[in-house]
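So, here come the structures, one by one.
You will see chain A twice below: alongside chain B first, and alongside chain C after that.
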Partner chain A sequence: MRLRVNGKEVEAHPGTLLLEVAEVPTLCHHPHTETRGLCRLCLVEADGRLVPACATEAREGMELRTETEGLRTLRKTLLEWLALTTDLAQAPDLLALMERYGAEPERWGEVPGRRGREVLKDNPFYLRDYAKCVNCRRCVDACGDGIMGVYALTLEGRGLLAHPTTPLDRPLPETPCVFCGNCIQVCPTGALRPLSMEV
Partner chain B sequence: MRTTCPYCGVGCQVEPRLKEGRIVEVRGAEIPPNHGALCVKGRFGLDFPFSGKRLLYPMVRERKGAPLRRATWEEALDFAARRLLEVLGRRGPEALAVFPSAKTTNEEVYLAQKLARALLGTNHVDHCSRLCHSSSTAALSRSLGGASMTNPLEDIWKTDLFLVVGSNTTETHPVIGAMIKKRVRQGAQMIVVDPRYTGMAEASTLWLRVRPGTDLFLLNAMARFILEEGLWDRAYVEARTEGFAEWRASLEAYTLEEAERITGVERGKIALAARLYATTERAGTYWAMGLTQHTKGTATVQALVNLALLTGKVGKEGAGLNPLRGQNNVQGAGDMGALPDVLPGYWKVADQEVRRRFEALWATPLNPDPGLRMTEVFERIPEVEAIYLIGEDPVTSEPYQDHLKAQLEALPFLIVQDILENETTPFAHVVLPAASFLEKDGTFTNTDRRVQRVRKILDPPGEARPDWWITRELGKRLAQALGRPWTLHPGPEAIWEEIRQAVPEMVGGITYRRLEGEGVRWPCPQEDHPGEAVLFRERFNTPSGKARFIPVHFTPPAETPSEEYPLVLSTGRVLYHWHGGTLSRNSRLQEAYPELKVEVNPKDAGRLGIHDGEIIQVVSRRGRIRARAWVTDRTPEGVVYAPFHFAEAPANRLTLDALDPTSRIPEYKVAAVRLEKLD
Partner chain C sequence: MGKPSLLPLLDERLPLTEEKVAEAARLAGVPLAQAWGVVRYYPRYRGLPQGRLLVDDPVARARGFALLREKADGTYPPLGLEALAPSYLRFTPEGRFVEWEGRLVPFAEFRLPFALGHGERLLPPEPVESLAQYRSLGGLKALEALQKGHLTPEALFQAVEEAGLLGRGGAAFPTHIKMRAVARGEPPRYLVVNADESEPGNFKDRFLLEHHPFLVLEGALLAAWAIGAERAYLYVREEFEAAIRGLEKAIGELEVAGLAPVPLEVFRSGGLYICGEETALLESMEGRRAEPRLKPPFPVERGLWGRPTLVQNVETLANLPLILREGPAAWRAREPKLFSVSGDVERPGLYELPLGTPLGEALRRAGGEPEALQAVLLGGAAGVFTRDWAFPLRYRERLPLGAGALVAFGEGVDLWEVLLGLAHFFQEESCGKCFPCPLGTAVQVEMVKRRERNPSLVADLAATLKGSLCGLGQSAFWAYQSLLEVEGAA
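Our next item is the complex of A and B:
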């Protein structure tokens, strides 16, 4: 089938996700996890409506726009909010996006966030530095349905208070965690990282 | 840089990132077989090459009782060659044995067995799969004419029913375990046959908790039920198999009632399992040590093979017979001829035509008599006078440890070639320090026949050298003295080129250049061949092209519980450790699982007054060990489970050396023991 991406005709198979036919920034999306459409960074305009490119399939005759003024502003704002509430120092891909979209988090002033959270070190293998977490939930999905089926990580709270943790906030050795580190591999911000990286 | 994980047979592609001589991070590569996923061993356990226990210099022991002393490579190799030649001259080739390792590369295994056969003239060549899947090899070879997984790991995504027997997959092959569990979440069903409540049992649709050592009865009863109900694949059996009538007649005694009595699994569950397996088109069978490490290991695997043939499951996508191989290169070690009865490519040494082919390639006459198997070699000491041991630690891995130690004590000459000091090193007369997987090039072949590259990322420490270099240099000295030819390969790729010539029908089409990307599966005869995924689609690898049914009968384990030893001990592994512990216990993994824990069922614990976490003694007729009790219903009543990784509390001090008559594998899974409280 055929669709138009930013005015150019593109061919796609049925079932193709929009982000496979158009280049858009992503954050929560990862090919091995089940996360879909959470972070809104990949929003695109499809036939005039805003949809997440990671969770929307291409359709015959679709008119897709990926870099409108509105989308640029939206992405800029989303990135600014992330940078306001979290420490992105170890998230090179996000820092590059901030540069690209001209994000200026400081224009929002001080906002309470998770920056102050302490690093959790409760096992011999890796630490959880949730001050750097952007709630993409890739780790939760890698641990659960996406890869391992272990469910040692979960999401607690709602809205702005939502954050990944262990069930009942238990230390990792008291959860079903098997320390495969697949959560570290999919973490885009260094919120989960091996202890061996610490000097 | 990408390389292959050195732990299990999954063959995960890993990307270790090094900084200032240490590993700071390991990522899974986004290619098959693991597609980015790893387990704790691959992710956090690759730092053993940096252990303080590394063997750094060659060492020799001049005479019995003298200490090992540091030597130069020249000295150590000259000494080793001289002693081997002396035994050869005095006693002949039958007094020598060479054990390559399923942890070294294909190139290194090939060279080591070539040294044994072409220079020393002995077929006493074997490796550690004798202790793990030799039963599978025996049963699959005689029925199908091939001893590997029949289906690729990708087929997991096409499988609608998994029959997992005696495999603690989530702990021993974790990445495959996760794949199977994910497929089950997608809607496939899973039948698990295991006495223990493993991660697989937890994820299963149907769990059959058999009494240890009774799987064969269960599998035969399933077959009988399938026949009775008319659920078998008549067309397949007629077109593709032989020996059916005789086998069918052998099943008479295996009724569901009798099966319930022997196995402890209620008959309705057995019938349901049989029905599900027979009526699901894409049903794949996976198994491991729970089936093989018995005195009837070969017979039990055979029962599984018979069941698959009866229902037409071999040669089809998403189905098949899939032994999960243990060591990283156990498939390759067999392929390369580290077995006493076959040359590389599983060609029989007893076959004159076959010998001619290798005699031409190696330009030397070959010994026509199949050699002894590893477990037999240790029994023949001191008739066998010299052993060249590469990357193995028999003191930890062989059964009945005290007996094995006495045998090694009586062995006149032992060469230990390894990367780390282990329990066997003290028995060595020559110690040759080897390079670890991070420090050399070559290939490993994973459990689904995928040949993959191992890449040098670091220089070996001290004077350690790659195994291929050591074997080459030792071979050079033997060849000079014997006046025989010996190729001085400049490196692993040159050795691989010789392997391609030796077994073109297996790996002729696989070049190092092709392995730059993802691995290639054998058989792969030409360079434009993609490598075979599913085996036996059209015909089996037997002379008639048909698979053979072979009748097998249930026998009780060699040692059954008694009043004095009322419990059954089963040994195995835990997620955080690997075999003898030489690698994992010299890595960060040790912190997560520092000591032996023995699983005891709450009912047994209650009766004996044993509390969770208490230190107890486990006693068998052969010895005793101390362990921490873990009171859990993971293990059934009457059974205790002990991992064998801990040298200071070796489970193999308790196991017995009763062997399977066909494969000569020891019965690690059933030994009679009692538990004693410490006062």
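Our next item is the complex of A and C:
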């Protein structure tokens, strides 16, 4: 089938995600987990409606716009808010996106954020540094329904303070965790890191 | 339901311990991780606040919030008490109370005074609390006709379509389209009555549940029977305990009389604003954190436990018996809508008015003088400030009607203080699932605190919140943007 992306005709197979036919930034999406449609960085305009490219399939005759002024503003602002509230020092892809969209976080003034959180070291293999966590939930999904099915991670709280935690907030060795490392593999911001990488 | 739901299992075990959470998870057949995520999401499982709490609603914000706050240990989200006055609650280990006219009324017994209702014609002029009373007023005829085959589901859908009924929860979607879509789906199908009214300034559903339970139940049964639902659930805001007890009593009476062709069950809501969002509501019924789902698929296709589900607001369903009684054409000629009017008017309360009534006229009915007001908050927290007194109160007009709240603010009220309350409300109630909403509502609080009027910042805040996953984030900036417009026009 055929659709138009920013005015150019593109060929796609049925079932293709818009993400595969359009070059858009993503953060929460990961091919091995089911997290999708959360970060909203990949929002595009499909026939005039805002839809997440990571969760929407291409349709015959669709008119797609991926870089309208509104979408650029949304991405720029979101990246600014992430930078204001979260430590992105180990998220090079996000820092590159900030450059691309001309982010100026300081224009919003002070916003209370997630930065003050203590690093959790409760096992010999990896640490949890939730000051760097954007709450994309890739790790929770990889540990649960997505890859492993051991359910050693879940979510705590609501709103800006929501972040991953363990069942009963226990140290990882006291949970079903088997230290498989899948959560580290899927973490996009360095909030979960192998201890061997620490200096 | 497919399996025991986690929320009732946790409710039965309050106050919770780690062992009790593990037991509830086992009985529900879910991982402990899921149960813990639920416990760490809903306030009542984390432990309710204690002390003397001020109900933080727009009216309290307009009445010297800082001073009211001084007498309180904390704040509590709105409860549908907004029309009355700024209210305090007392939460102690022994129980929960509403401070009302100098007395402590047990929370479980507190009902909105019936005198708040100003029914024009369609709603009876007194509370209807027994089946016999409801019947004597002409109730249940439509349900009996449907049960006896004198009224077909298609005829009901047709009547709803001819009446032009739009969903009364705020989204104003044509009711007959949803009903027909669910009826076409593969069974089993479900009906869920959305009785989780949590919008600041709205108390019409609470009023209907507390004073007209049979009307609501007949509407629910009509819809459930017509769509071929296997079961109907009433998802009721858990703080409305008097309403829950009244509904359970009324369901019992209907069952004894053989007038409940579809099983009815009350489900205590998760107790958060987001629980009224229809997909978050379904998530909570299925025992998860009440977080909105990506749409499509819509609940009419894949709703409760993945089955076709009709989710309808209380007032929408309460209109079904009225449409059949009056006839769709006569009903449409009136287009009755309930408006919750509060704030600076002489007779705050619930008013049944025809859609299209000008805003100024609606205020005058409640003893308000529009010209003496600074503005009205139309729709609730997800609403707008306006001074457009000629605005016809109708869906799909320039301004959002929401569920029908009108909160009036007289001269001398600091509207920025009211706005700050709304901004706090959104920040507190954001579920945190998508990115724009938790970030944007936190940024918004800071902007409102410093009374930020920079148009480009406000426009970028709006553009970004619009990208949120659900209506909560998508509407969180409306009040802010509209206050700047009202200021600009003043």
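The definition used in the following text is that the second predicted complex is superposed on the first by the 199 of 199 C-alpha atoms of A that agree within 3 Å, B and C clash if a C-alpha of one lies under 4 Å from a C-alpha of the other, contacts with A are read in each partner's own complex, and residues count from 1 in each chain.
The criterion applied here is as follows: a residue touches a chain if its C-beta (ideal position, glycine included) is under 8 Å from a C-beta of that chain, and two chains touch if they have at least 3 such contacts.
These numbers were taken from a predicted model, which means no experiment stands behind them.
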Clash or fit: what happens to chain B and chain C when chain A is overlaid?
fit
Which partner, chain B or chain C, touches more chain A residues
C
When the two structures are overlaid on chain A, which partner does A:78 contact: first (chain B), second (chain C), both, or neither?
second
Where does A:23 make contact in the superposed view: on chain B (first), on chain C (second), on both, or on neither?
neither
Looking at A:11, would you say it contacts chain B, chain C, both, or neither? Reply first, second, both or neither.
neither
Taking the superposition as given, does A:93 touch the first partner, chain B, the second, chain C, both, or neither?
neither
Which holds for A:124: it touches chain B only (first), chain C only (second), both, or neither?
first
In the overlaid three-chain picture, which partner chain does A:47 touch, first (chain B) or second (chain C), both, or neither?
neither
Given the touch rule stated above, what does A:104 touch, chain B (first), chain C (second), both, or neither?
neither
Computed vertex angle (chain A) for partners chain B and chain C, CA, steps of 10°
120
For A:174, using the defined touch cut-off, is the partner it touches chain B, chain C, both, or neither? Pick first, second, both or neither.
neither
Quick one: classify A:147 as touching chain B (first), chain C (second), both or neither.
first
Shortest distance over all C-alpha pairs of chain B and chain C after overlay on A, integer Å, is 12
Across the two complexes, what residues of chain A are contacted by chain B and by chain C?
none
Note: in the complex, chain B contacts chain A through residues 22-28, 35-40, 43-44, 47, 170, 174, 178, 181-182, 185, 203, 575, 588, 591-592
Residues on chain A engaged by chain C in the complex (per definition of touch)
27-28, 36-41, 43, 50, 52, 55, 70, 73-74, 76-78, 81-82, 84-85, 107-113, 134-135, 144, 151-162, 165-169
Within the complex, which stretch of chain C touches chain A?
18, 21, 31-37, 40-41, 272, 289, 294, 427-436, 438-443, 446-447, 450, 457, 460-461, 463-464, 466-469
The answer for chain A against chain B in the complex is residues 32, 123-126, 145, 147-149, 173, 178-182, 184-185, 193-194, 196-197
